[in-house]
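In structure tokens below, several structures.
There are two complexes below, and they share subunit A, which is joined by subunit B in the first and by subunit C in the second.
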Partner chain A sequence: MHKLYSNKMMILAFILPALILFVLFVPIPVAFLLGTSFLKWDLLSEIRFNGLGNYIYLFTKDTYFWGAVKNNLFWMVGNIAFSIIPAFVLAIILNSKIKGRNFFRTVVFLPVALSSTAVAMIWYFVYHHKIGILNQIIRFLGFANFEYAWLMDERIALLCVLIAVGWQWTGYYMVIFLSGLTVIPGEVIESAEIDGANRWQLLKSITIPYLKPMFKITAILAIVSSFKGFDNVYVLTGGGPNRATYLMALHMYDMTFNRAMYGYGSSIAVIITILCVLTTLGISKLFARDSMEV
Partner chain B sequence: MQKAAGRKENKVLDVAKYLILGSYTIAILFPLYFLVVSSLKNDNEIFLNPFGLPKNFLWENYREVFINFKLFINMLNSLYYAFFGVLLVVIVGVLASYAIVRMRWKLSNKVFALLMTGMLVPMHSVILPLYLSVRRAGITSPRIVLALIFAAFALPRTIFILSGFLKDLPRTIEEAAVIDGASLIRIVVSIVIPMLKPAIATICIFNFLTIWNDLLIGLVFITKDIDKTLQLGILKFKGDYVTMYNYVITAILIAIAPTITVYLIFQKRIISGITAGAVKG
Partner chain C sequence: MKKTLCFVVAALLLFSLTLTGCGNEKADPGGAEKPEVGEDTGQAEKPKEATISFWYTANEADPNDRDNNWQVENIELFTKANPHIKIEKTVIGGAGGQNFRTKLVAEAASGNLPDVFMTWTGDKLAPMVRMGAVMALDDVIAGDPALKEVVNTDNLGNCTFDSKVYALPDAMDCLGVFYNKELFEQYNLTPPKNIDDLIKVSKTFKENDIIPVALGNSVKWVTQIPYTYILTDLEPALFDTPKEELDFSTQVFKDAGKQLKEIVDAGVFMDNFNGVAPAESRAAFTEGKAAMHVQGTWQTRGVEKALGDKAGFIPFPTKSGQAEYMLKVLPKGYAVSAETKEKEAALAFLKFMFTEERQVAFAQNGVLLPTKNINLDAESIGPLYSEIVKTHGNYKGVESVQTLAPNVAVSEEVKSVIQNITTDADIDEQFNMLQEFNKENK
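Here is the complex of A and B:
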């Protein structure tokens, strides 16, 4: 190895720009956030130390927060129903030899390239009470004056948002499943077929075990994206009606930037961060232990 | 006998497959079709003739939205943030990946691990601290800061992809160049970067789309209309001109046309960006 590769000055010159950029914009702000989460800091009073006060209020008194937690949990289930399961089915179909495979793959993935803002606005025009596609189709089918404001109905608003989210992200999950399907060796499937395994047995005892890493990743993404969930709801419903689609990240945003309660908003951001990190580490560990047994 | 039954079963399965694919395709493409035809109608016609082609093609909608409502400024802004964010992250990322993979120093693994923690942390956790710093510093038009934030958040995945790619490349050419007396910068520019081209293309496109599609960062940091991103621009349409549906729809189309184009051209690169980042989880 040439000494050029262990020259301290050169190493610093190469690594420092990245390190400075990263540390300045990620670890330092995160540490600062943790600090402010222990402060009472709003526009009304002086900044003062509040101990665990923000967290205690958040967990014991803040009904908006708990409403959001409930919606976040529903969101995870919705991600499984409207993103992961369709993605898995589509990946299985599009991994088989089928005409138009590339066309269908391109179409399913297409919404992933769109911004969440645009997707939410597209779905605004799906659900719109007057000119919305959904109502227009229903009218077209013969219910002449049908007009329903889907997003204004507390009972189904969250479901409506989740369908839009599924529309956007199914292609993303599908691509991940497809990348797993392509690494299953052909001989494994062939020898199972020679042994007389039917389709269902193949799926259960070869495909699904091989896709384990993909299930891990999609599970992490589905849960973490729920904790981070903001854009779709902010644009489509603003968290309404009557907070039926309100999420933790929206609560964080509202407290921090609409009400300027910096201390309190920080404590919500800390909780979101912890949940994201724990989810990723926890699920990775869970799957790592599982695969030892196989 | 058995074979015939198998063939019949196959046929049923094929029909089921195409039914699923067909209905899913319609679900994806029909809303986009609705946007395209509606963008060329007036409000009244959107209501009376929702799914048919426009009777008169109202191309004025596009001029109105793009020029009079100044959506082109928002587009230029998004281009600015995405361009400089990507440029920065590529330069910094290539250098750092080279140091981590090829150079010999004790903390190499630890620095790599530190940078990778960035993949775990959601943007939500840095918005407020950075917002307060930007405000305290008196920056009212945070163009450069935004490019820096986007670059910083793109950095972990970028280094992950680049260093993974670099590890698999043979180092014989670089070693020969060192013996010939080339400097490290020279080696990076004329040997390493050309070899990394596919990986660099992937991160460029992937990060470009991420920055272009951002909403939250723009929402928090940008206050002046003149600095607003395309996403903020179309959002404004929904708020301000909520009854002029044709303009809102045209604005959405203008916003998604560039990303759809990028996607159709570089589909493979985008997908490899997703799977490369995802494999690590």
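Here is the complex of A and C:
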């Protein structure tokens, strides 16, 4: 049997079906996307080669794109603030021996199981200016005529959407942190406690260093998902008001499908892909350097 | 030997996987060819059976959706009268018709357009016509006296390319201002005719905690309504300019933008109107919280249900106050695929939609008909609708400013720019950038 598995033909035979599917659904579409990004094409009219024209326009003249980049950066920071930090805190709390911790873990994880559209709809009715729970709570607290259109105020709309996204993904990151917490050896904590370490010292000197790989994974996931952010925003605000919640992926969608600029939309998709890859490599490198320093 | 055995096992495994994964497209046990309409099968007395595909966009979940209600009835009545023709309908809703449009474009690109389909006219229909995917209807109209009688050639502009007609518009809509007559009477006001009047009445309404004008522009296109009226007031001839010669950076576009901004700054529109959905602005109006509501006449039925004869409809006020024009649009229509294999059946269904009986039924759903010679009973169509039917004839028609754009990419940018200028964006810069985009994407 061992010999069978070391046979190259056999290995090839086993990996070939998956490899064919992978090539069909990843490198080939990516290559097609890259090729399309050099074209002017509305799917129906004649295809025109545009060289680097789409990229030049994107970087030099497209103000919506730069507005979206700015929003994406805010989105990235917000994603970390509203997803990773609460997830870490909740993981620490729910890793201790408190009553009903399994119940609370399930409750925190539950939104992960919902589709983004469903989550967006839930939060739409949280923020709704007439029937939204948020305004009703404020009215209940004594402000009888309070009616505020949270999602229609361009100053706070992006923040409102970020809270919804944070609510959805906190449970996911919490599970990652919990899995990291379980591998911290009990004797390390015990000996630190014997040496007189307090809770803060334990957290700073043992828990956080041990959780570094988890921070790396969650950071990569949160940042990459920030670049891809689309569904929640599309349902909640559609990128408005006044493009206050307009992200790169929405710009790509708008250009591709609303304006039938398939070539230009592809060039935005290429930039998003490059940003995702570069960020992932950057974070990996950053954490690798830190691990060596530890 | 073992190596050979391994290879054979692996090859068998792969082969079995391939077999499980692939279906046999050609093996169709019931695949006997159906006779074409008009083909002689030796049973002359029996009409030939045909199945046509028919696509339209509507919200099936909405019991008041005028298109869906009408089409469901059309299909039922048509198939009852023509039992040999089966209609396979596909209704795609959502995203303001965007899902439908995307799907239709993909089908057109792959040469699979449905036999009969609803389509946006103008710049959205043009690429499908250019690639030869849509059937020209001139001979069909000319060859059918009943159809010729109802088709209003004045309304075919957006469906005509190189002097040929490729679609029949389904509805004409006027864009302007619904107003609440009762609220105006209550405060001794008259509907505004010019911008000064508009600002004056708005002040009165605001002092009485009433939203002067409800406008939901989260969809970006609604601010085009006031902008187009202002632009028409400044230079109506602009709308006759050939698309290839149009320059969005000319002063008149910027001046119209500045007038719109003055209205915005005077606080005429509801708060955060660029984030408000059209349904919410309509709700503010129908609930009596807003005195006026900027929208299109496709909302007539909903407005009428809520306000009855208390609602009226006027063009958006302009600086001069000489309301000669009304913004009239014919955004959608019905077309037939050039590749249809069931030409007779497809055309029969198209013609059926445009019979007088079916047009009357459509009008009863609150639709302004783009057709002619249709006798409408004023009582059955409601007071607001009757008023609109009567008054819109007093105005010359003008299309929305986005129709000046040469294609869908530029027309979407026109909408964006008009939304942008209602914020703090520099108006001159916005129109210069629009022109640059226009030049780049013509």
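Observations on the structure shown:
In the analysis below, the second predicted complex is superposed on the first by the 275 of 294 C-alpha atoms of A that agree within 3 Å, B and C clash if a C-alpha of one lies under 4 Å from a C-alpha of the other, contacts with A are read in each partner's own complex, and residues count from 1 in each chain.
Keep in mind that, in the parts below, a residue touches a chain if its C-beta (ideal position, glycine included) is under 8 Å from a C-beta of that chain, and two chains touch if they have at least 3 such contacts.
Quick caveat: nothing in here was measured; it's all calculated off a predicted structure.
In the superposition on chain A, A:V77 contacts neither subunit B nor subunit C. Judged by the touch definition given at the top, the superposed model places A:A157 against subunit C, while subunit B stays out of reach.
Within the superposed three-chain model, A:L286 lies out of touch with both subunit B and subunit C [touch as defined at top].
In the superposed pair of complexes, A:V188 makes contact with neither subunit B nor subunit C.
In the superposed model, A:I47 lies in contact with neither subunit B nor subunit C. When both complexes are overlaid on chain A, the residue A:A260 reaches subunit C alone and has no touch with subunit B.
In the superposition on chain A, contact is made by A:G238 with subunit C only, not with subunit B. When the two complexes are overlaid, the chain among subunit B and subunit C that reaches more residues of subunit A is B.
Shared-chain residue A:T63: touches subunit C; no touch with subunit B. 4, 7, 10, 13-14, 17, 257 are the residues of subunit A that lie in the contact sets of both subunit B and subunit C, per the superposition on chain A.
By the touch criterion stated above, subunit C contacts subunit A in their complex at residues 2-3, 6-7, 9-11, 13-14, 17, 98, 101-102, 105-106, 108-109, 127-128, 130-131, 133, 218-219, 271-272, 274-276, 407-409, 412-413, 416, 419-420, 423, 433, 436-437, 440-441. Residues 1-2, 4-8, 10-11, 13-15, 17-19, 21-22, 24-30, 32-33, 36, 86, 89-90, 93-94, 96, 98, 100, 104, 106-118, 121-126, 130-131, 133, 136, 140, 167, 172, 175-176, 179, 213, 216-217, 220-221, 224, 227-228, 230-231, 234-235, 249, 252-253, 256-257, 262, 265-266, 269-270, 272-273, 276-277, 280-281, 284 of subunit A are the ones that touch subunit B when the two sit in their complex.
On subunit A, the positions that touch subunit C within their shared complex are 3-4, 7, 9-10, 12-14, 16-17, 40, 42-45, 57, 61, 63-64, 149, 151-154, 157, 237-238, 240-242, 254, 257-261. By the touch criterion given at the top, residues 14, 17, 20-21, 24-25, 27-32, 34-35, 38, 46-47, 50-51, 88, 91-93, 95-96, 98-100, 102-105, 111, 114-115, 117-118, 120-133, 148-149, 151-153, 155-156, 159, 175, 178-179, 184, 209, 212-216, 219-220, 231, 234-235, 238, 245, 248-249, 252, 255-256, 259-260, 262-264, 267, 270-271, 274-275, 278-279, 281 of subunit B touch subunit A in their complex.
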